[in-house]
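When the chains are written out, they are named A, B, C and D in that same order, and each has its own residue count from 1.
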C-alpha cells in the first residue's frame, strides 16, 4: 500500500508545489485541475509522436504552461476575477481537449495512441531486506523520483533566492513591491507559469502511467493538490506531507473496499473526511500550541 | 512670484518641481494646485500645512509614486529620491531586512539571497545613523516608532540624494525624535537634501533650514527658518482670513509648547480651559473619593513566552485625565490592547465602572461603557473601502435601526453633523481611503466622541493632526473631563501628556515605574523615567529580576 | 459602499459580454456545418417556445438561489466552496422528508421538507464556519472537502437503501403528487421557485444594505478587525454567513426536488454549486447583481442545450463557449481601484487573512 | 437514403437520443451505427443524432424537446432507464413513437423495447473468469478469487450482473470468491488502477471491468502485474492484447439495425418488449478475435464454447430489474 501511495502522491505533489508558488504570490490557482488535464492530453500526444517519455513529460509541461499564460493574461493583465478565470480555464481544458482529440484522432473517448512508451521504473528489483524501505524507495515509476528534487528546489527558490523573497512579498502585499519599483505582476506571472508547469507535469505522470489519455483522467486531483497547499501550511515540505497523507488516505479507502463490508461508494468519501480531520487537528494544535497561553 | 521671496543663494538645487497640479479623479479633489518648489542639496526643508493641504500628495509626486499629474519634476544633480511614507507598511510576517532589501537583495556567488551581507550592511547603516532597529525581527513585532525608524533605514539603504520624510516623528518619543534629527543633520552635512513633513512647529524650528507652507494645495510661502517664527508660520498655515481671536489662542498654545522645550526643569502650568472641571483627586485611595470608573488589578500579559506587561495597577476616576507615556516598545501598545479589550491578560482583572467584563473583547468593553481611539488607524480604526459615513456610524449603528432597518436619512444627518463639528474635509459617501491622514483621524475621533461614554481611552490622539485640529482634540478631551468622563490618554508625546494629564504614569519595560502628580509632572523626570534611568536607581534589585523575564529581542 | 455601483464598471461588463458573444458567434460559424441554424438555435432558441422559455427561467431561479447563497457568504468575507455537495445532500433529505410525510397535507409537508433541506445545507456549511471560528481552519478548504465527502455518501444512499426499486434510473422514489409544485408553463419545468428566488434576492438586498445587521455583516467582510474593534460580534459573522449560505443551497436543493424533478437523481444537481460561485462573482457579490448574472447564465445554458438538440452543436462546444464567456466577463482594461492596490477581491481576502 | 420529398410523402424521420456522448462509448457507437445503416438502406429516411449528456436528470427534458418538435416519426434510444422516461413523455405526446434498446417496457402502444439478457452476458464472463482463476491461463494463481470493478452501483449491476458473474464463476468451482469494488465514477482511471492493484494484492487474477474510462487503469495495472481483464458489451482485445483475454458482446448494432428497418417499413410492432439472449445470437462471447485465439489456451476456449452451446439450448431466466 505504501508503494501505491507514493505513486499516487507524485502527481499530487508536483501540482501542489506548483500551486504553492501561485498561492504564495497571492493568486489562488483553482485551474490546477484543467492544467493537469491538458498536461495529460499533451503528454500522450507528444509521447506518441516522439516515442519518448521525456518528450511526453515536456509536452505536458508546455500544455500547463500555455494555460497558465492564459490565466496570467486574463486574470492578472486584464484584471479579471481570478476565481472565474480559474473556472474558465478548467472549462476550457474540459471542452477543448475532446474537441482537439476528435479533430486529430476521431475520438473523444479513450485515446490509445501507438508508440507511447511505458513509464520506466527505476531501481526495480533492488532490495534492502526491509519491505517498508523497499516500498518507499525502489521500483517506482520514473516520475516519482522527480518529486524529491522538486521539493528541495521549491524550498530553495522560495526561501533562499531574491526571486523567492519577491514572490512571497507579492502575495503578502503587492504594494510594497510596487513601492520599490518592482512590478508585482512579473512575479505573479512567474508563479503562475511555475504552477502551470507543475500541474502539466503532474498530468503527464497520470497519463503516462496509464499509457492512454481518457476524459477527465485528473478526476479532481487538481483540487486535492490545492488542498495540500493549505494542509501543508504553504511550505514545500508541508505540501509533501499533505500529499502523502492524502495518498495514504486514498490507499486506506481502496484497501478497505476489499476488506470491510462497508459499501465501496461510501468509502470514497474517506479521503476527504480524513483530510478535514487532519486539518482540524493541526489547526487546533497550533491554537493550543506554544503561541499563546 | 513665490520664487522671488527666496534669496537667490548659492546652494545648488537637488530637484525642482515645476507647476505641479494633481487631481484625484476618484473624489474629484484638487490636492495640489500649480505648485513650484526647489529642494536644495545640503538643506533640511520643512513642509508644513494643515491636514489635507496636499503635502503628502506633493511629495509622492516628487518621489515618483503617483503616476498621473500635471507639471514637471526635474532632477538637478540628484539621482535618487526616496520617500518614507506617512504610514509605512511592512509585510508583517517577513523580517525587517527582508522587507527593506526587497528589490536590492544582496546575492551570493550562486545567486542566492545573502542574508548575512544584508544584515551586516543594515546593521552598519543603523550604527552609522544611530537608529536602533534589529534587522532580523519580524516586522509585525515592530512598534510604530521602530517601524518608522526601520522605514527610514530602508530609504537610506538606497543612498538617496533626496530623502523625504512624511511625518516621521509622529509615533516617536522625544528620544527617538532626537535620533531622527541627528540622522537628518548628518545627511544634510553630507550634501543631501532632506524634506521633513511635520505638524510640530517646535521640530520645524529646531531642525529645518528652510520652510515651505502649504494651504489648500498651494504653496503659501517659502522662507528661511532663521527669518521666521512659529507665530508667523501658524498664521501662514491657517491663512490671513482667520479670525484674530482664534489665532491668538493658538499662539498661546504654541508658545507654551515652546516654553516647555526650552524651560527645562520648571513644572508645567495647569492646562488651560479647565474651568468647571472637578479638581482631580489628589489622593485617589482616600475613602471619600468616588468609585473609580476604570480599574486594572495586577494585570500580566505574556505572549509566546515573552512577558509584555507585568503587574499593572491602574485606577481612573470620573473627570480625571490619566496620562500614560513611555517609549512605545516598552509596552504602550500592549496596554492599549488591555485597556480596550483587544487582548486577554494572562492574569489580573479589569473593572469598568466596577463591573468585570464577561469576556475580553472590545464588544463587551464597549457595552460596559468604554470608548476607544486606537493607534492603528488603517486597519483597526477604519474600514478603508467603506464610505466615510459607514465609518462614522459604526458605534451608533443601533441608533439608526428602526425595526432592524437602517435609517439612512438619520445616519446621514448624524454624520454630516459630526463632519461639521470636527471640521472634517471629506465627501461622506466616498470611501475612507480617499481621506488625508489627518482627516482619517478626525473621523475616528468624531465617532468615538459622539458616544458619551463614561470612559474614553485615547491612544496617540493627535498623531498626524495639524495643530489646529490637535488643539481641537485637546479641547474635546478637556471638555469631556469637565463633564466627568474618565479619560486614559496614552501618548508618547510628552508635551501632550504634560498639557493635559492630571496624573502621569510612565511605562518602562512593561511596568509602570512611577505615577507623577501635581508638581512632579516635570518634563525631564518623565524623560528619565521613560528611559528607565530613575528606575534603575531606585529599585535596582527589582529591576534585575524583571529584566530576566523581559527578554530583549530574541533573534528571529 | 452602500451606494450603487459606479456606472463605468457596468459599461465595461457590457463591453466584455459583447466581446464574448462575438467570439461565440465566430466559434459557431467556424465549427458548425449549419452555422446559421446553430446561431439561431443558440441565441433565439431559448425564447422560441414556452417549453424552452420555461426551462430557462427555471434554470435562472435555481442559479439565482445558489448564486445568492454564495454572494451572502462573500459579503461577510467567508467563502463557501461546497455548494455542490450542499445542494445535493439537502435535496436528498428534503426528498426523504417529503416521502416520510406523504400523509400530511402539502401545505405542511412541503415547507417542513424544505426546512429540513435548508437545515441539512446549513449544517454542512455551518460546520466549516464553526471550525474556522473554533480552530481557525480555512473554511474555503474545509467546505470543499466536507461537501466532497458528502457526495459519495448521497450517491450510495440513492443507489442503495433509498433507491426506487421500480425505476432503472439512479433515483429515489418520487415525492407524492400533492407535494409537487405546480408547473407554470407546462410541460416546462418552470414553477413557483422563480418567485421564491426573486423574493429572496429582494429580501437579501434589503437585509444586507438597509439593515443594521446587514451593515455589521458587510463590515465584518470588509475589515474584520475594524468590525471587532467596533464591538461587532465578528465570530458570529463567520458562522452565520456559512449557515445562511448553506441554508440557501439547501433550499435550492429542496426546491429542485419539489419543483423540478420530484426525486433526487444521482448527480442531478451537478453544476449548481460551481455555477453559483460564478454567478455571485459576476454579480460582484451584490444580491441584485445576481439577477442579470444568473439570467445571462441561464440563457447561455439553455442556448447551448437547444443548439445541441437541434443542430450539430456539440457538448464540448457549449463548454468552450462558457469558458470564453467566463474569460471575458470580469476582465477589464480599466484597473479597478481597491484597498491596498488594484488586486482583485479574492487575493485581497487572502492577504487580509494573513495580516490578522 | 433520399432525404428530399419524392412525392410519396415526407421521408421517415428518426432522432437518435444518446443518453451520454457517442464517441468513446462502444454501446452508443453501436446504436448510432445500426440506425444509420438502416437509414442508409431505406428508401426514404433521415436520421439526427442528439447527445443528451451524462446527467440523467436532463434526459427527460431532452426527450421531451425532441417529442415536442413533432417532426420525428421515431425516437430511438438505448439505456435501461429510458423506457420509463419515454413512457412518461408519451403521456404528453401520445403520437410519438419510441424504440428503446437495452431497456424493457410492456404495454405502452407507442413504445417498443429490445432488451438483452444481461444475466447470460455476465454469466458468460463469470464462467470464463472461473476458468481463468482456476488455472486456465499461464499467469493464473492458486487463489480462487475473481474481481469485478463497477463504475457505479446501479440496479442492473447489483441485481443482475454481479450475482450472475459470481454464479458463472462458481459454476466452474463453487469455492471461487468475488472481490467487488466500486470506482464511484466512470472516468477515474488512476483510482481504478489502485483499486485493481488492491484486488490483485488479495489474490485476484482476473477482473471484469465495467468502469468506462476507468477500465484503462485496470488494464495498466494488469499489464504491470501479469493479470487478466475481461471486457463487457464490446470487443476489448485491442485495448490490451494478452491482458484483455475475454469479451462478452451484445449485438446492439444488429438489433438497432433490424428494428429500425422494420420501423421504417411499418412492420415494427409497438407496445411490446422483447428479450434477446445467447440463443437468439444477440448476446455472445467474442471467440473470433485473433487475440482470443492466440492468448487463450485451446482447452479453455473449448470449455467456454461448451457453455455457450448450453446456453443456446437452455436460456437463462432473466428478471429484469424495474420492469413494469
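Simple rule for what comes next: a contact is a pair of C-beta atoms (placed from the backbone, for glycine too) under 8 Å apart; a residue touches a chain by one contact, two chains touch by 3 or more.
Everything numeric here is computed off the predicted structure, so don't read it as measured data.
If you compare A-C with B-C, the chain pair joined by more contacting C-beta pairs is A-C. Work out the mean CA point of subunit B and of subunit D, and you get 79 Å between them.
Here the spacing of subunit A and subunit C, counted between their Cα centres, is 28 Å. For this pair, subunit B with subunit C, the centres built from the Cα atoms lie 47 Å apart.
Centroids built from CA atoms put subunit D at 36 Å from subunit A.
Each of residues 21, 152-153, 184 in subunit D touches at least two other chains.
Residues of subunit B in contact with at least two other chains: 92-93. Residue positions of subunit A with contacts to 2 or more other chains are 98, 102, 108, 172-173, 175, 220, 263, 265, 268.
Shown are all chain pairs that touch, namely A-B, A-C, A-D, B-C, C-D. Interface residues of subunit A, counted against subunit C in their complex, comprise 26-28, 70, 74, 78-85, 87-89, 91-92, 94-96, 98-99, 102, 108, 171-175, 178, 184, 220, 223, 226-227, 230-231, 263, 265-270, 272-273, 275-276, 279-280, 283-284, 286-287.
Against subunit B, in their complex, subunit A makes its touches with residues 156, 160-162, 164-166, 168-169, 172-173, 175-177, 179-182, 290-293. The residues of subunit C lying in touch with subunit D in their complex are 49, 51-52, 55, 152, 155-156, 159-160, 163, 165-171, 187, 189, 261, 265-268, 270, 305-306, 308-310, 314-315.
Residues of subunit D touching subunit A in their complex: 21, 23-25, 152-153, 179-182, 184-185, 187-191, 193-195, 197-199, 201-202, 213, 215-217, 220, 238-239. Considering their complex, residues 26, 92-93, 340, 342, 361-363, 366-367, 372, 374, 379-387, 390, 393-395, 397-398, 400-401, 404-406, 408, 429, 431, 433 of subunit B touch subunit C.
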